[in-house]
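In the two complexes that follow, chain A is the common piece, with chain B as its partner first and chain C second.
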Partner chain A sequence: MAEILFYVLSALALLTGFGVVLAKSPMMSILSLLGSFFCLAVIYLLAGFQFLAAAQILVYAGAILVLFLFVIMLLNLGDMGVVAERSNSFLDSTAARLGAALAVGLGVIGLVAASKAAFQPAQAEPGKALDGLEAIALQLFGRYSLAFEAASILLLATMVAVIALAKRQRKSGQNPTQNGGRA
Partner chain B sequence: MNPQDLLQLFDDRALAAVAPLLALAIGIIVLLLSGVIRAFESLRAPIVVATLAFTGWLVASNFATVPGSVIDGTYIADRASSAWGLLFVVATLLAWLFSHRYYAESERPFQVEHDVLMLTTPLGMMLMAGAANLIVFFIGLEVLSIPLYALASFRRSRARSVEAGLKYFLLGAFAAAFFLYGSSLIYAATGSLQLAEIKAIGLHGPLALGGVALVMASLFFKISVFPFHLWVPDVYQGSPTPVTALMATGTKAAAFAFLINTMFMLPKSAALAVAVVALVTMALGNLGALAQTDVKRMLAYSGIAHAGTVLLVVAGTLAGDPESSGALHAALFYMGAYVFTAAGAFGLLALLERDGERFTTLEALKGLAQRRPFVAAALTIFMLSLGGMPLTGGFLGKWMVFSSLVRAGLIWPAVVGALLSVIAFGYYLRVVIALYMQPVSERDAALPSGQTSAGSAAPAAIAAAVCAVLVLVMGTLPGLFLDRLP
Partner chain C sequence: MNVPSEHLLYLAAGLFAIGVLGFLIRRNVIVVLMCIELMLNAANLTFLAASRQHSTAQAANLDGPVFAIFVILVAACEAAVGLALIIALFRLKQSVEADSLSEMKG
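So, the complex of A and B:
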């Protein structure tokens, strides 16, 4: 049962993954990504990673994709077909995008296959997660406590950086968009 | 590990090791709060100086006491990382001094944010230099990079500055992704993210080598080495000059510190390949610099060439330099001299530039010796040191790099590298000639040498003078520094 589910979900994840690359409208692209993330989350669950599955849905599907959607709606991007028609460079073509996606995917498969021996398959006890919250917490506040604390400074600095760049200048006549085109 | 054991991770040694990081973090928060309260406006500059001075003192005491490997072996505060840390503090202090009165009035309201971001960067650099774990390094890399992305585009009214920030951000994001992907492959191959454990297990097979290649690509991007150097001229030229000084010195030093720690990842057989990459970088940097008429852009290309030179020590170690810490010593001394020289040169440009952008062109520097003899003299010292003239710090750094190569038996790369350094004099001397031997152009003579922005330039001028003196001291009395190398 689990095996069948795995193959079905993997196929779905791949299909939606191609959807992200091939979709004409950015909205369809995002929705495909959402589907791909959900399939991945269930695959994590099947492998015994309960926390990872929940985090995947909460962080990626819940927060990041919603942010993507906000940006797309704010920018009012709509159909990217117009942009695609205007630029005829090779990098923008569907073939190039598909080719890049395939090349990266095949590269990863090749690397994993070439060193399959390096992987030790982990076995979860029935009904118990491989990634218990306690284990994660011990890692986070033990070995990785320095990185964890430094991440708070990182977030603070990011916030300051974004505010400094996005805030309107207090003095008039210095609107960046007015001078933006002058290179 | 049990929850009870967690506390044991934070013994006195660990606290001493991370004390400089804590001091910086507290300084950042206090500075941020002082930005909200109008009454504290005059306290902002002292807060920055005090934070950096206190951090420097803590790092220096770590250099003496050597807390060692702490927090489950994820962070190391030994003599090497403390020496690098001191360099980062100095680089940040210099960049901050040069930035103090650099911005025009219209950009002033963001001074607190600017200073907070600048104060954050050494925290990232120290994490990078002391990291003994790939995750810790990655967080450090981001703590350093994200403030720099914002600082690069801090002059939002100038299209060049915005372009520099965007370019740096996009390419930096790629480099960060490369690093993460490479680390995940290394983890898959070895089952560990700790440098010591990875070293013990060894990196074999395509999975591990793919990971190493990706990690090295991201490091090469940060130190701006061929083929990841193309972003440098635009970003260095477009960014505000004090930020360029910080990027050219601090970022590069931090990435080199980690590269020296991770050299073991590269296979011994890669020595010649690394040497060739370094020499190509030197050639591209020097040839590119020869063609420039803008001094800031020229210094950007020269920075590429210098990164190539320091990369040669990696090749030397891989080829079997019998002196085990030869690479570390050479890189430390070279980057030490480079921090003072490049920061000083960019700082002087920032000082001259305050009345407009024209002062970064070679044309505008003509005859400067008559009008501002001290600025011209200091700039000459920096140019000669960048070129590697004897009696300056730059010469000794180059000498240590090339002698490491010779010890390792890589004779021809050392010869080619030395020849490429001589080419570099072609463009460094052009600046000196413009300063002393060419008349002031008519157009410039008419312009006032005015200082339009408020406040005195004294802090920046004193910082530049100290840099010039230190460059000469490093060249004439190198024992002062060499005897203290870790």
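So, the complex of A and C:
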């Protein structure tokens, strides 16, 4: 049972991965990527990594993809991406469009399968997790404590970098409004 | 699950190949960033497969999960900075196409 589920979810993850590449609009790519991440989360769960499956859904699907979604909606790229890539005949066929639609559909099916399958391994073999939360915490604050501190510095640097990037745009804010209709 | 760990590695290789393909053929910078996320996920899967391979029934190997956590952290930082750069690029060029960046072409 779990083996069949693994191979089905692997195929779904690969198909939705192709959907990310072949989808015409960035929104479709996001949805495909979401399906791929959910399939991978269930694969982690099946392989015994329960904490990583939760982190995958919380951090990847919950935080990073929402960040992408924010940017796409903020820049209003839902249609622009399609118009700008019109010249690329490779992606401008009905086959590619059908493939994208198929990928999104399969991604949704993957989501349903993921939500149905999510609780089965934990019930079937309790306490069989390869990554116990306590053991991971001991590793993280013991053997990998230096990397942990470096990670906090990385997060701080990222925050400062993003603020600096956003602030420099505000200083020269009148230029884009002057020649804004160039798009 | 009695799937051999090699099959996890095959899946990771496939996902990484798809990510590289998208990185090379797409011109929308946001989709390129998404393909990078896909590649980082493939790396995560590789770490977890290696950890699963080297775990025994008594002692689980925790290096893989810890490294996967760090990879997720780096992915989050990379997405934040990359998207901030994309917003700056859009304000400058009114476009997110990689082809619109040709100032430094010789």
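One rule holds for everything that comes next: the second predicted complex is superposed on the first by the 119 of 183 C-alpha atoms of A that agree within 3 Å, B and C clash if a C-alpha of one lies under 4 Å from a C-alpha of the other, contacts with A are read in each partner's own complex, and residues count from 1 in each chain.
What we mean here is this: contacts are C-beta pairs under 8 Å (C-beta built on N, C-alpha and C of every residue); 3 or more make two chains touch, one makes a residue touch a chain.
Keep in mind that this is a model prediction, so the values were computed, not measured.
Taking chain B and chain C in turn and counting the residues of chain A each one touches, the greater count comes from C.
Contact with chain C, but none with chain B, is seen for A:44 once the two complexes are overlaid on the shared chain. Once chain A of one complex is fitted onto chain A of the other, the partner contacts of A:66 are absent, as it touches neither chain B nor chain C.
Contact with chain C, but none with chain B, is seen for A:36 once the two complexes are overlaid on the shared chain.
Legend: residue contacts after superposition of the two complexes on their common chain; A:133 is shown touching neither chain B nor chain C. Using the contact criterion defined above for the overlaid structures, shared-chain residue A:142 touches chain B, although it does not reach chain C.
After overlaying the two complexes on the shared chain, residue contacts for A:160 are found with chain B alone; chain C is out of touch. Once the two complexes are laid over each other on the shared chain, residue contacts for A:6 go to chain C alone; chain B is not touched.
In the overlay built on the shared chain, the residue A:102 is in contact with neither chain B nor chain C. Contacts of A:151 after superposition on the shared chain: both chain B and chain C are touched. For the contact definition in use here, the residues of chain A common to its chain B contact set and its chain C contact set are 144, 147, 151, 154, 158, 161-162, 165, 169, 176, 180, 182-183.
Chain A contributes residues 2-3, 6-7, 10, 13-14, 17-18, 20-21, 26, 29-30, 33, 36-37, 40, 43-44, 46-49, 51-52, 55-56, 59-60, 63-64, 67-68, 71-72, 74-75, 77, 80-81, 84-85, 88, 90, 121, 130-132, 135-136, 139-140, 144, 147, 151, 154-155, 158, 161-162, 165-166, 168-169, 176, 180, 182-183 to its touches with chain C in the complex. Put simply, chain B touches chain A in their complex at residues 1, 3, 5-6, 9-10, 18, 21, 25, 28-29, 32, 71-72, 74-75, 105-106, 109-110, 113-114, 116-117, 120, 123, 127, 133, 135-136, 138-140, 142-143, 146-147, 149-150, 153-154, 156-160, 162-163, 165, 185, 188-189, 191, 205-208, 210.
Here chain A touches chain B in the complex through residues 111-112, 114-115, 118-120, 138, 141-147, 150-151, 153-154, 156-158, 160-165, 167, 169-171, 173-174, 176, 179-183, going by the rule given at the top. Contacts from chain C toward chain A in the complex involve residues 1-3, 7-8, 11, 14-15, 18-19, 21-22, 25-28, 30-31, 33-35, 37-38, 41, 44-45, 48-49, 51-52, 55, 60-63, 65-66, 68-70, 72-77, 79-81, 83-88, 90-92, 94-97.
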